[in-house]
Amino acid sequence: MAFERTLKMGMVGGGPDAFIGDVHRKAARLDGKIEIAAGAFDVDPAKSRQMGEQLCLDPGRAYDTYQDMIKGEMARPEGERIDFVSICVPNNLHFPIAKDFIEAGFNVMCEKPMTITLDEAKELEKLVEKHGVVFGLMHNYTGYPMVKLARDLVAGGDFGKVRKVVVRYIQGWLATKLEDTGLQQATWRTDPKQSGAGCLGDIATHAENLAEYITGLKIENICADITSFVPGRPVDDDVNCLLRFEDGVKGILHATQIATGQENGLSIWVHGENKTIEWHQEEPNALYLKDNEGPMQVWRRGNPYVEEVSAAAARGCRIPPGHPEAFIEAMANVYCNFADTIWAKLEGQEADALVSDFPKVGDGVRGMSFIETVMESAKSDQKWTAMKK
Amino acid sequence: MAFERTLKMGMVGGGPDAFIGDVHRKAARLDGKIEIAAGAFDVDPAKSRQMGEQLCLDPGRAYDTYQDMIKGEMARPEGERIDFVSICVPNNLHFPIAKDFIEAGFNVMCEKPMTITLDEAKELEKLVEKHGVVFGLMHNYTGYPMVKLARDLVAGGDFGKVRKVVVRYIQGWLATKLEDTGLQQATWRTDPKQSGAGCLGDIATHAENLAEYITGLKIENICADITSFVPGRPVDDDVNCLLRFEDGVKGILHATQIATGQENGLSIWVHGENKTIEWHQEEPNALYLKDNEGPMQVWRRGNPYVEEVSAAAARGCRIPPGHPEAFIEAMANVYCNFADTIWAKLEGQEADALVSDFPKVGDGVRGMSFIETVMESAKSDQKWTAMKK
Amino acid sequence: MAFERTLKMGMVGGGPDAFIGDVHRKAARLDGKIEIAAGAFDVDPAKSRQMGEQLCLDPGRAYDTYQDMIKGEMARPEGERIDFVSICVPNNLHFPIAKDFIEAGFNVMCEKPMTITLDEAKELEKLVEKHGVVFGLMHNYTGYPMVKLARDLVAGGDFGKVRKVVVRYIQGWLATKLEDTGLQQATWRTDPKQSGAGCLGDIATHAENLAEYITGLKIENICADITSFVPGRPVDDDVNCLLRFEDGVKGILHATQIATGQENGLSIWVHGENKTIEWHQEEPNALYLKDNEGPMQVWRRGNPYVEEVSAAAARGCRIPPGHPEAFIEAMANVYCNFADTIWAKLEGQEADALVSDFPKVGDGVRGMSFIETVMESAKSDQKWTAMKK
Amino acid sequence: MAFERTLKMGMVGGGPDAFIGDVHRKAARLDGKIEIAAGAFDVDPAKSRQMGEQLCLDPGRAYDTYQDMIKGEMARPEGERIDFVSICVPNNLHFPIAKDFIEAGFNVMCEKPMTITLDEAKELEKLVEKHGVVFGLMHNYTGYPMVKLARDLVAGGDFGKVRKVVVRYIQGWLATKLEDTGLQQATWRTDPKQSGAGCLGDIATHAENLAEYITGLKIENICADITSFVPGRPVDDDVNCLLRFEDGVKGILHATQIATGQENGLSIWVHGENKTIEWHQEEPNALYLKDNEGPMQVWRRGNPYVEEVSAAAARGCRIPPGHPEAFIEAMANVYCNFADTIWAKLEGQEADALVSDFPKVGDGVRGMSFIETVMESAKSDQKWTAMKK
């Protein structure tokens, strides 16, 4: 899709000490569709201005607060305002900030988990509907081309009915009480006031989203066991779930932050009547397809045989096979589809299914439902618990 | 350990149409400590004799029935009898056959699962104790050197307290109703009268045994979900469990026979406070050791640095690193320790811990307890269920 | 390094049908230091203008010819001109275009191989020296953090003297006469007038550059065998070389475009007296370090233990371990160091060794020497041939 | 093939301090076709007798010398003699011992390299022909099922004409002067009187044999560079070759014993017009098949789809897929075919192609030709040298 101009992005969060905000900026910039135009980058106004300088922004658009940004941008002539805002702040702030921007009519890209409660999530869903804004949720892992291929292979006729899903997300970085060292990434993630939940919100929701994205199936019931292994940690750092999806599909989801020496091990296996697919985020350019008839196949990003099966995977590729693409490119794919959808809206058009293939407010509602259901099941000593509505 | 003579092995099962019996023979033969001397190889006496000829046995020692073998061998002078019997028949026959041999004073190597019920298992345990025979249970996967290394690394001081265990055993060969094709391996395994359980007894017990062997920890509580995915199959082909071990250790065990395209995927991850170990049966010569401080290490069978840490791993190696050893060698390691223990007994000595490192009747009791506990938890709609005693 | 403004990049090549030009733009954009400001994107002026529109450029800066771009940009006030030009055109045009820009005082980023002849390369080297411009050569593979780590590990005291280097670059895409299908990427690469050489210039030079970069050793003598396997192809598609480096180091370099089914298999093994390193471009986030004493180590991008050993690897990382970075990020690392060096020059400073760590005109001279030496050795029926000077 | 009795194997070498002799015994025993019946296990008669006892042999058949074994066995009634002898001694002794056994009419299994000179090899070839004995040469790597599959895939119509072969054999264990520590394996291998050559004879010949076995193509010309990296070592420890096979096929062969940290890295890539195969000895149960049309395929030992394509691979499998087989099983496959060929001869029959698929005296002649050709090319400063006849 050719744009007449680049879209202007505002940002809440992503200040000098932050991590994910800068990754958002790189991903947004990558394909030349988006430029960073404004921001309230930090709760400390001085740091917000410092980041504005570092980004060579118009000084008037490095705001002290996100409320100022809303006012300031609204005051600009149409066409010169930001086209959307990216919200990259601790979890507990997602809801109020997103709410305010939506009510002011801005399109929103929001980090996950979307909110702290399911009720907040459902309220955002209503607001998005009411105000007609484009809302993206940064479940970036579904931006990987091989994840899109996986979805399209599972949906294809050869795969057979899905029977079982195993999804895991294992990290080791929080195996010690890193939050006590002052590391900002650890501190807010393990503070229940800011994060709502620990491992559950930070990574288990990615696993849940990935499983539902690839299979197109909804989880219906969960039997969960959650643990805080690190002494003195007030949030969970380990999540184990038995899953029951619709249509008799069974599953396992496990996530942990105490798997010493593991980096970012998000992996999924989907077993169908005829085929199995397997994918590992740490080697994202490969997808394994297996059956009982012939040799295992290793599908690799960028090849024509991938593109024949999955237009979505093709759309998410920039460079030829063997020239690996990775995490930032996957996040950029989310931004691309989000941006194209905004552009379509600006043009008064409907984005088609390929363009519209990015995580949305509904994914956020599912994620919050998952979190609350797991918590309830775990509290009730692992009774099977229906996904909350 | 030098023997003055090779040990004589008798065999029940392992006839012309069988699979695992022949593997037992190869494993038993490999190191030159054991010769096959007698057998009741098949329920069909003609087939038993045919196998005797094929093995170039003394025709008088290819018996029509296992009862005949007991009589025939007892009638031979001491020193010319079989030194032990290997039982390689469908699960439901393990108990009566093992019982009769034990009561006649023979040492026994038995396939797993040891029996059909926990009560039978406990009775065998008492009989072994009473008659003082050497009893081995063919949980062959603990014969792999790298599994022994894993155990020794986990027990070592650097590992830290174990926090979490994930073990899985995934196969795909029963994803269709193969038992209807007449394939013997599928037929008896899916007949509840012969097998007692499906996936649960056939492979999930291996996973349970491996987890307890490597960690030295006992499972205390299980919350399970079991399924028969293939229509018309009267036994389970899929097992998912949340585990609680002693000492606050959490875990996941999942096993399946419907993971299309998977061959024999037994894998384990053990996460300690400081380290993680990871092992895959399909690449058995490597063990992955990880921590949060330095690069992942790939330990490989046969190296001096392995042998410094694990005398048991060293003892289980025949050839240098890079010259891979595999499944049959692992089973041969079980036979070697079993044979050395018999030889020690013949010499009136006690086998030391290294020699005595093979699965025994107590492992069989644990296995049957696991099976019955999983079944009870699954029936009660996944309540946490204490391991049955 | 904080910039007061983004650097302005001009581009020659990278039109609507091109491949690598767009990758340059993405890599240049990624970190927010560089914006695309001008271009002569295609030999067809209409297509150049089309690309300008697509990039939302000032229409006056989408030039018809690169000569127009030089004039047009020189006419702009200082500070508003492009800060450098990226040259992404077929090989035979690198020299004249680079020459003109250098002589006009512009900094240059150039695709490899730098020229068609060694003489041209040496002339460029003199011009760069004479005009004092910053010149980068896009040997992007040395931009990978793990390649920088490899270099720093090899240089470290534990590695011991290097003894042997094996480097290979295997692709399969030209195994058939793809150039006859009209595919632009294949057409110019197999036209000796445009490419100078085939496999040798396109990929073998990357292998040569990688080997010299990681080891810090110069190739001194080559014994080569080159082949055109595909009937009717006027350039080589396969290169096999025995190498002798300075200091008694031996090596092998092989590159091919007819390795059916291989994507972009650039790999290197360096064997020292005490250690071996191994790296594969298709899994760029891992580096294998081996010795005869302990387990193999898998070093992974982004970890503190990497950063302790290699400040260059640390500088080339954007995101945490397990969040893979790949091809575009590696190219962006070349652009970052190139841009920082230009910025240092603008500030009147000297770039330090870390900043200055990107391939330069001297690498281009080595590459052309390599190409001419291989050709001469191959023509003389594989006599050992000294690297041409 | 059912035998009426097990074949009786004699052994020269394989004493208490030896390595490979015991591996031969394990491999020979595995399938129950062969029993160890006699031996001259050591140059020290006391050690030979000690090994006889350890193997529970008839004491009269643990001979003091191999000449005694010939006499002693000839003196036994036909049918009670050894059926063949296995020769597992340093290279320089292969020729005289093999010669004497052949001339006495015994079948022979011999370690590689077959002799010290090409002339000796050719003489053995004549003697084998003259005396009509069965002669096997222990190029055990061609015993792997996946190597046989590779050969059958390359020969199949889909592969297209072979263009290029890359074969390597990299070890690190001799990176230091291990022979000075008294380690027997290192001592004789680096003594030119006993070994003839170093790396060249010990491992490079395996690589040569593997390449010719899989492709069915003969090497015609070699351009070689050989080195002794470890100071004071009188034989080569590193071999690099450019190869030209018949029919315009090009290749690379490199072997080394100084690749620190490498275990036993024999690997091969064969590139055909349509397909590539890749195989690694350290993961022997997998074979990679690639093309430009579809995903890479990972063929795994034991599957029906393997057996449909390669009867030889099927014949070399004992256990199902995912139950890995490895080094000893591959060597056992050589013994099986060798034994079946002897049995066929005893029955007055001709062994068919499947049975007769084991390395023979002709492979030994090729190996010695390869060694002498490499040495000549290296001495002449890497001129292309035709394979010696």
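A, B, C and D label the chains in the order they appear, each numbered from 1.
Assume a contact is a pair of C-beta atoms (placed from the backbone, for glycine too) under 8 Å apart; a residue touches a chain by one contact, two chains touch by 3 or more.
Not measured: the values here are computed from a predicted model.
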For this session: Compare the CA centroid of subunit C with every other chain's and tell me the farthest one.
Result: B
Exercise. Do the two copies subunit A and subunit C share over half of their interface residue numbers, or under half; same or different?
Worked result: same
Exercise. More C-beta pairs touching across which pair, C-D or B-C?
Worked result: C-D
Problem set entry | Interchain centroid distance [CA atoms averaged], subunit C/subunit D, Å | 44
Problem set entry | subunit A and subunit C: spacing of chain centres that average the CA atoms, whole Å | 34
Problem set entry | Whole-Å gap between the CA centroids of subunit B and subunit C | 55
For this session: Quick one: which residues in subunit A touch 2 or more of the other chains?
Result: 173, 262, 289, 296, 300, 303
Problem set entry | Residues of subunit C touching subunit B in the complex | 289, 293-300, 303, 305
Exercise. Which positions of subunit C touch subunit D when the two form their complex?
Worked result: 160, 163-164, 166, 168, 170, 172-173, 175-176, 223, 225, 227, 229, 238, 240, 242, 244, 250-252, 254, 256, 258-262, 269, 271-276, 289-292, 296, 381-384
Problem set entry | Parts of subunit C lying in touch with subunit A, wherever the complex brings them together | 2-6, 19, 22-23, 25-26, 29-32, 36, 53-56, 171, 173, 262-265, 281-285, 300, 302, 318-329
